[in-house]
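Alright, structures below, take your time with them.
You will see chain A twice below: alongside chain B first, and alongside chain C after that.
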Partner chain A sequence: MSELVFVFQTLVDGLLLSGGYILIALGLGLIFGVVNYVNVAQAEFSMFAMYGTWVLWIALGLDPFLSLAIILPVFAMIGVAFYVSMVRAVRTRDHGVHILMTLGLAFILQNAALLIFSADVRTIRTAYSAASFNIGGVSINIVKLVAFLIAIALFFALIAFLNKTRTGRAIRAVAQDESLAAAFGVNVDRIFMITVAIAIALAAAAGTIMMPHLFVQPMVGQFFVLFAFAIVVMGGMGNLKGALVAGLIIGVVEAFGQVYIGGLAGRIIVFALILIILYLRPSGLFGRSAL
Partner chain B sequence: MLDVENVRKSFGGTVALNDVSVSIGEGSIIGMVGPNGSGKTTLLNIISGALPADRGTIRFDGHDITGREANAIARLGLVRSFQISRPFPSMTVLENVLAASHAGTGPAVRARAADIVRQVGLEAVIDNRAHALSFGQQRLIELARILMLRPKMILLDEPAAGVNPTLMEHIKALILSLNREGTTFLVVEHNIRLVSEMCERLIVLNNSEKIADAPLADVLQNQAVKEAYLGSGRAVRNPKHRIYADE
Partner chain C sequence: MSDLILDVRGLTAGYTEEPIIQDMGMRAERARITGIIGPNGCGKSTFLKAIVGIVSPTSGQVMLDGSDVTYNTPFETLKYGLAYIPQGRQVFADMSVLENLRMSAYTLRDETVIRGRFDEAFTHFPRLYERRQQLAGTLSGGEQSMLSFAMAMVLQPKCMLLDEPSLGLAPTMIEQIFETIIEMNEAGMSMVVVEQNINVLFQIADYIYILDSGRNRFDGNPEDVLKQEELLKLYMGVQA
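Right, the complex of A and B next:
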């Protein structure tokens, strides 16, 4: 493999890996941008969705990508329960309260997963897991490509929903001026609930699409959430388009870091890049946005 | 249409409204004036559900709206504007108007929103983002958004504040036109000329209490109003707040 092809291969691998990170970060950014709530446990929902996908695969033989049809609505309902039981009561409190609460939730969810599924690593290997095709010497794995395309499709579906539907416009209105939206008849509490439901469903979608090419164990969320926060901060707090671009950049940078520096140490380059970007642009690449 | 009875509101030890009662009939335009800090905006906030009253009752169009959420009151047809225009900044003019729609997003709704944008005179900037518009244009966005809700009654908080005379005439014409179609108005305004040209009755608040509620000519003769406006410190009056020609 020539050096140029190798570089392109790393680039493609990085791009294809970024889909899951982008979805977790989108959910994180949506909750922060609309509800002004910091959810440190966001990736724990992804972890449980990975287990859910694995269970559906083991018990019913359901294809992991098709299991999205079950995972998405179930986790949207879990998002509603999360809003009603945890977010609503402390929404207007300091971000420190949100972080402490959701950090506690993350620990509970991790240990619940440990109790239920043990610490064993679980994987899904479908008949097409190893399938790939070749373009100019660059190998593209089908599973990773499908996962990436689903993530991008969900991103554009979310943008279309926010811009073209009545509920989407109400979400944007609440994000921009909560009391003004209420004065014009928007039920703000209901909008917050819908937003959290969407955000948790996005986190779950991330888990499901990553499951066929990654693995799940109870602590996997810790790694995801670090990258998700990095994406949100790099793209601009609450800026969804920023999250997409930052997610792609981080995916690619991580891939190059792992190839050229190696292993986990390669991820240092991702966080070094974030520090540089925040030094140059303290509000992130695209600035903080009110949707 | 609107009955406010014995509403009281205090912030800590400061009484902002002290047993204020106001009654407004359907189809009328009533003005509300008073020196800064007299409680006008607090009363609007309480009526519109933005603030809870400590006590008292508010009825609108046959419904007891005391303590109801702002969105529920808006859905009953009682809508307010704000002293400082507050468009949704990242939305276009059309999106701002559509954000106030509770009737879906179909072509008929979009067409109606576009019609309202034309009605208020913003068709040239219909696809521009609100944050890039002038103060006066943002004021018109607010009016357009209100119209989208088909309100039965509108609470206007200083609609003429900071707008040029031409725009003020435009806003006045809009208010009168809507009133002819049946919309009721409560207009809080410092600009007495505007109030006197539109309102059949004037409510005057001072020091958190209602001190007058009568036709303009009677209000001008009211001793308590004279004292509230002229008092003894005539040198510190803001010209736009003048209620008497010799003030």
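Right, the complex of A and C next:
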């Protein structure tokens, strides 16, 4: 394999792996931008969605990608429960309060997963898991490609929802000026609830689409959330388009780091890059808001 | 016998236990412009906010066209037909002009009704139609004022409360905004206008209230108010 093909292969691998991170970061950014709430347990919902996908596969033989049809609505409802029980009462409080509460939730969810599913690593390998095709020597894995395409489709669906629908516009209006939106008859509490439901469903979608090419164990969320926060910070807090671009960049940089530096140490360059970007542009690549 | 659109009696309100406005009253006639003036910090803005329910009054009564709207939320008050246009031209900055109008029509469901209201607003403000796809945050101050007017108009209120519409605008823009106010008033809109810029207000208002330290100080026709030279000098710092 020539060096150029190798570089392209790494680039493609990085891009394809970024889909899950982008979806987790979109949810984080959405909750932060609209509800002004910081949820550090976001990726624990992804972790549970991975187990959910695994259970549906083991018990019913349901294809992991098809299980989105069940996972998305179920986790949207879980998002509603999360909003009612943990977000609503402390929404206007300091971010530190949100972080402490959701950190506690993350520990509870991790240990619950440990109790229910044990510490064993679980994987899903479908009949087409190893299938791939070749473009000019660059090998593209079908499972990773489908995961990436679903993530990008969900991103554009979210943008279209926010821009073209009445509820979506109300979400953006609340993000921009809560009291002005309320003055025109928007039920702000309901908008917050819908926003959190969407965000948790996105986190769950991330888990489900990553399941066929990754693995799940109770602590897996800790890896994801670090990357998701990095994406949100790099793209600009609450800026969804920024999250997409930052997610793609971080996916690629991580892939190159792993190839050229190796293993976990490769991740160092992801965070080094974020430090450099924030040094040059303190409010992220695209600045805040613009929801 | 006068025809009152807004009748406020004995309104007391504030943010803490110490009320900012005390026992304040105002009677605004239908299809007229009622002006409110007073020195900085006299409670003019709080008075308007208490009328529409942004600040909850501790006592008093607000009657809008015969209905008691005293303890309503701002949105309920708006549904009754009382629109409040706050200081500082509040618009959704990251939304286009059209999206801002869509938000003001959030509670209207009938698409033909909504279209009709938008057309009406655009007839009043052709400039907004030209800029309908532009983000509101990138409009000039005067255009943002027009947009907040247009957003209030979409719900076809019976009466509009304007909090210092001239604040922070260039002189030509101020002229334009007041022309709009006169135009809408001539079309039958009842208006209550709070202003620092009293020279303009004296030209357009049918009746004027002077507030001081959260209380009514004087009220009358512009001619009567202008006769109160001492009062004007003392509170407005202007030569009448």
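Note that the second predicted complex is superposed on the first by the 290 of 291 C-alpha atoms of A that agree within 3 Å, B and C clash if a C-alpha of one lies under 4 Å from a C-alpha of the other, contacts with A are read in each partner's own complex, and residues count from 1 in each chain.
Basically, contacts are C-beta pairs under 8 Å (C-beta built on N, C-alpha and C of every residue); 3 or more make two chains touch, one makes a residue touch a chain.
Computed from a predicted model, the values in this text were never measured in an experiment.
Model built by superposing both complexes on chain A: chain B and chain C clash. Of the two partner chains placed by superposition, only chain B is touched by A:Val188; chain C is not.
Looking at the shared chain after the overlay, A:Arg169 reaches both chain B and chain C.
In the superposition on chain A, A:Leu180 contacts both chain B and chain C.
Shared contact residues of chain A, touching chain B in one structure and chain C in the other: 166, 169-170, 172-173, 176-177, 179-186, 289-291. Note for the complex: chain A touches chain C at residues 166, 169-170, 172-173, 176-177, 179-186, 289-291.
Remark: chain B residues 48-50, 69-71, 74-75, 79-80, 82, 86, 88-91, 95, 98-102, 104-105, 145, 149 touch chain A in the complex.
For chain A in complex with chain B, the touching residues are 164-166, 169-170, 172-173, 176-177, 179-188, 289-291. Listing the residues of chain C that touch chain A in their complex gives 54, 73-75, 78-79, 84, 90-95, 99, 102-104, 106-107, 151.
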